[in-house]
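Dropping the structures in below, format is structure tokens.
Paired with subunit B in one complex and with subunit C in the other, subunit A is shared by the two complexes that follow.
Let's turn to the complex of A and B:
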């Protein structure tokens, strides 16, 4: 299969004093450090992949490793068929990026930032940038530091989409955006991949966005890949079973990936939809799980022992 | 390389123009008050070397390196552009500062001395040494690297004073004069041109070493 991105056995560790990440309680940390453990997944050309996971799971670390902003301890990253370090220049000129925190040169106007960015790309399309700036209502004469986070994100997106990138890597691009623009962005990303061979890797907490557009979902937790599969397969296989305490019978427990108990009853997540329907179809409610359900149940404290 | 220069110029143009006009005036006046040919290059070279680091510190402040390094540019290319830009800035400051030193009324040193080969060479040597030592520290520690450098200088000074009282001034002077004496011997044996060539080669070698160390540190830097 022709892949836009292939990651094989990628690992990265930070010591407890590492200043790059502050793992959340539900992160890959052990003893306060952080470990990305032999992460492997691939994104075929022409598709959108959503990268999801709780805070500190390693999503931004993976994106920084792809961009060679941090050094990998082991494994392999191939972007557009090239090693991300050996082919760094070529890859970066064919790749668009949006960081979770849009750091630019704060005291410059957007027009000046464009002037600094454009020469780096051999395929920079100024007409496209101006069209997007108009569409996103970007005030090109304003200083970057005076913009809201949402506007800064829009500018970063406009820049990422203006140089005929073959792969877009977006780290939390929808955070800080209003719902109207979020929908607009999703529409743009769908349109982007209509152009044959273009792909998107999209990390986000807003899983509903991914349910709308992602073809593949990669779920990372604690520095490990929980699954990386086509969205439809995930949404078809994962269900939430809602019922009484009898669900917690010993023979049922191995079926569940996560359990939540409350006064109202027991909610349990499983990746075996058919088996759950067969076992509990009459005595419990079996509902298709959303990506948010999966993230919630799989987070620490909700998983069964 | 050009695109990186262009970026730096757009990013710092107001600052560069402001500093470019005012700073040489300051150095020119201050330098004109110094009458010792040994002190002038030592002090002024440090003032020239500070300029590029102030510029780079601004980029550090905006945390814009993450962004720049996400663009199609390798770390080697990025660092090479920084070295080249620094040398251009330092040499421009040196030229402007020296010119002003020579023309300020009542200057303690005549223009012939300020622009003499000995003064030019020793100024270049101190610029290269300060810059070559500062750059790896800046790459590793950011702006705090400047403080590390000053602290190291202070500690070295204290150690030399201790050393001076215990073993006498003669040995320290010998150490300090090691390179100038070697250059003088080359000049005596082969003439001034080979001596100048030897000094410039030594400086180029030192700068290359500084670049290599900076690059090794820069490649380890994570964002």
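Let's turn to the complex of A and C:
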């Protein structure tokens, strides 16, 4: 299979004093440090992959490793068929990147900011940039710092889309944005991959966005991959069982990946939808799990209440 | 590298121009000695470099440029090229605008044994000393980043200046007893020039500019290659 991105056995550790990553208590930290453990997944060309996980799970670390902003301890990263270190320049000229916070010179006008980015890309298409700027209603004469977060993101996206990128990497691009812009962004991404050679890796914890557009979902927790599969397969296999305390019977527990108990009853997550329907179909409600359900149930320890 | 220098100058152009204009106009006043103007020109080159780094740090654009098709070695090289540009600009301002305009306008300077701005001795002091401090700053910046790097450089710079002054004072104690510091330093440079001959003296001054720059570039490249962002 022709892959836009292949990651094999990727590892990275930070010491407890590491300044770059501050893992959340439920994240990859052990003893205060951070460990990305033999992470492997691949994104075929022409598809959108959502990279999900709780804060501090390792999403941004993976993206930084792909971009060679930090050094890997082990494993392999191939982007567009090239090793991400040996082919760094070639890869970065064919890659578009949008950070969670756009890092541009805030005191410059958008027209000047364009001048600080465009010359670095051999395939920069100024006509495309101007068309996108018009479509996004970007005021090129205004200073970057005067724009709203949404407009800043639009500018970053316009810049990332204006050099014929084959792979777009977005790190939490929708966090803090209103639903109108989020829909607009998702529409733009869907249009981007209409050209089948193009792919998107989209890191987010707003999972509803991914349910709309992602073809593949990679879920990372505590520095480890929980799953990396086609979205439809995930949404077909994972269900939430809602019932009474009898669900917690010892013979049922191995079936569940996560359990939440409240005054209203027991909610349990399983990746074996058919088995759950067979066992509990009559005595409990079995609902298709959303990505948010999966993240929620699996975000604490081993997932069991 | 030129593109990187270009974006730095674009981002900092108004601040750099304002600094240069203020210093030029201020330094045309007659009460500043040539030694003061040389020091101010050097400080302007250093402050220009620090301003570019400050803007980069405040806007976190380093991460942006590391995500673009630009190698780390190019980023480091561009910072040295920018240092050279600022050194040349500082020199052009001191010897060109202030020195030349001052001479043209007959701006009187406190002499103190100093032959004036438009002299080989003045150039031989300005360029190597400014280059030395730029060369000192950049490895600290590449190893520790803007905040800690600038702080440590300031401490190291003050230490170097104090050691240099103490060394000179010890070596030229008789001369210091009979005249002001500026005149003594200048006198020593003049003696060196006369003893080496002008061509060799100029060559030595050029080496004093380039050798620290190259050593510093080597160190910075190594430090920056190991940095994580």
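We adopt the following convention: the second predicted complex is superposed on the first by the 302 of 305 C-alpha atoms of A that agree within 3 Å, B and C clash if a C-alpha of one lies under 4 Å from a C-alpha of the other, contacts with A are read in each partner's own complex, and residues count from 1 in each chain.
Assume a residue touches a chain if its C-beta (ideal position, glycine included) is under 8 Å from a C-beta of that chain, and two chains touch if they have at least 3 such contacts.
Given the structure is predicted, the values throughout are model-derived calculations rather than measurements.
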Fit or clash between subunit C and subunit B when superposed on subunit A: clash
Which of subunit B and subunit C A:89 touches, first, second, both or neither: both
Touched partner set for A:119, first subunit B, second subunit C, both or neither: both
Subunit B versus subunit C as contact partner of A:45, first or second or both or neither: neither
Set of subunit A residues, in rising order, touched by both subunit B and subunit C: 20, 64, 67-71, 88-90, 92-93, 97, 99, 103-108, 112, 115-117, 119-121
Residues of subunit C defined as touching subunit A within the complex: 3, 6-7, 10-11, 55, 58-61, 63-71, 228-229
List of subunit A residues in touch with subunit B within their complex: 20, 64, 67-71, 88-90, 92-93, 97, 99, 103-108, 112, 115-117, 119-121
Subunit A to subunit C touching residues, read off their complex: 20, 64, 67-71, 88-90, 92-93, 97, 99, 101, 103-108, 112, 115-117, 119-122
Contacting residues of subunit B [partner subunit A, same complex]: 2-3, 6-7, 10-11, 59, 62-64, 66-67, 69-74, 219-220, 222-223
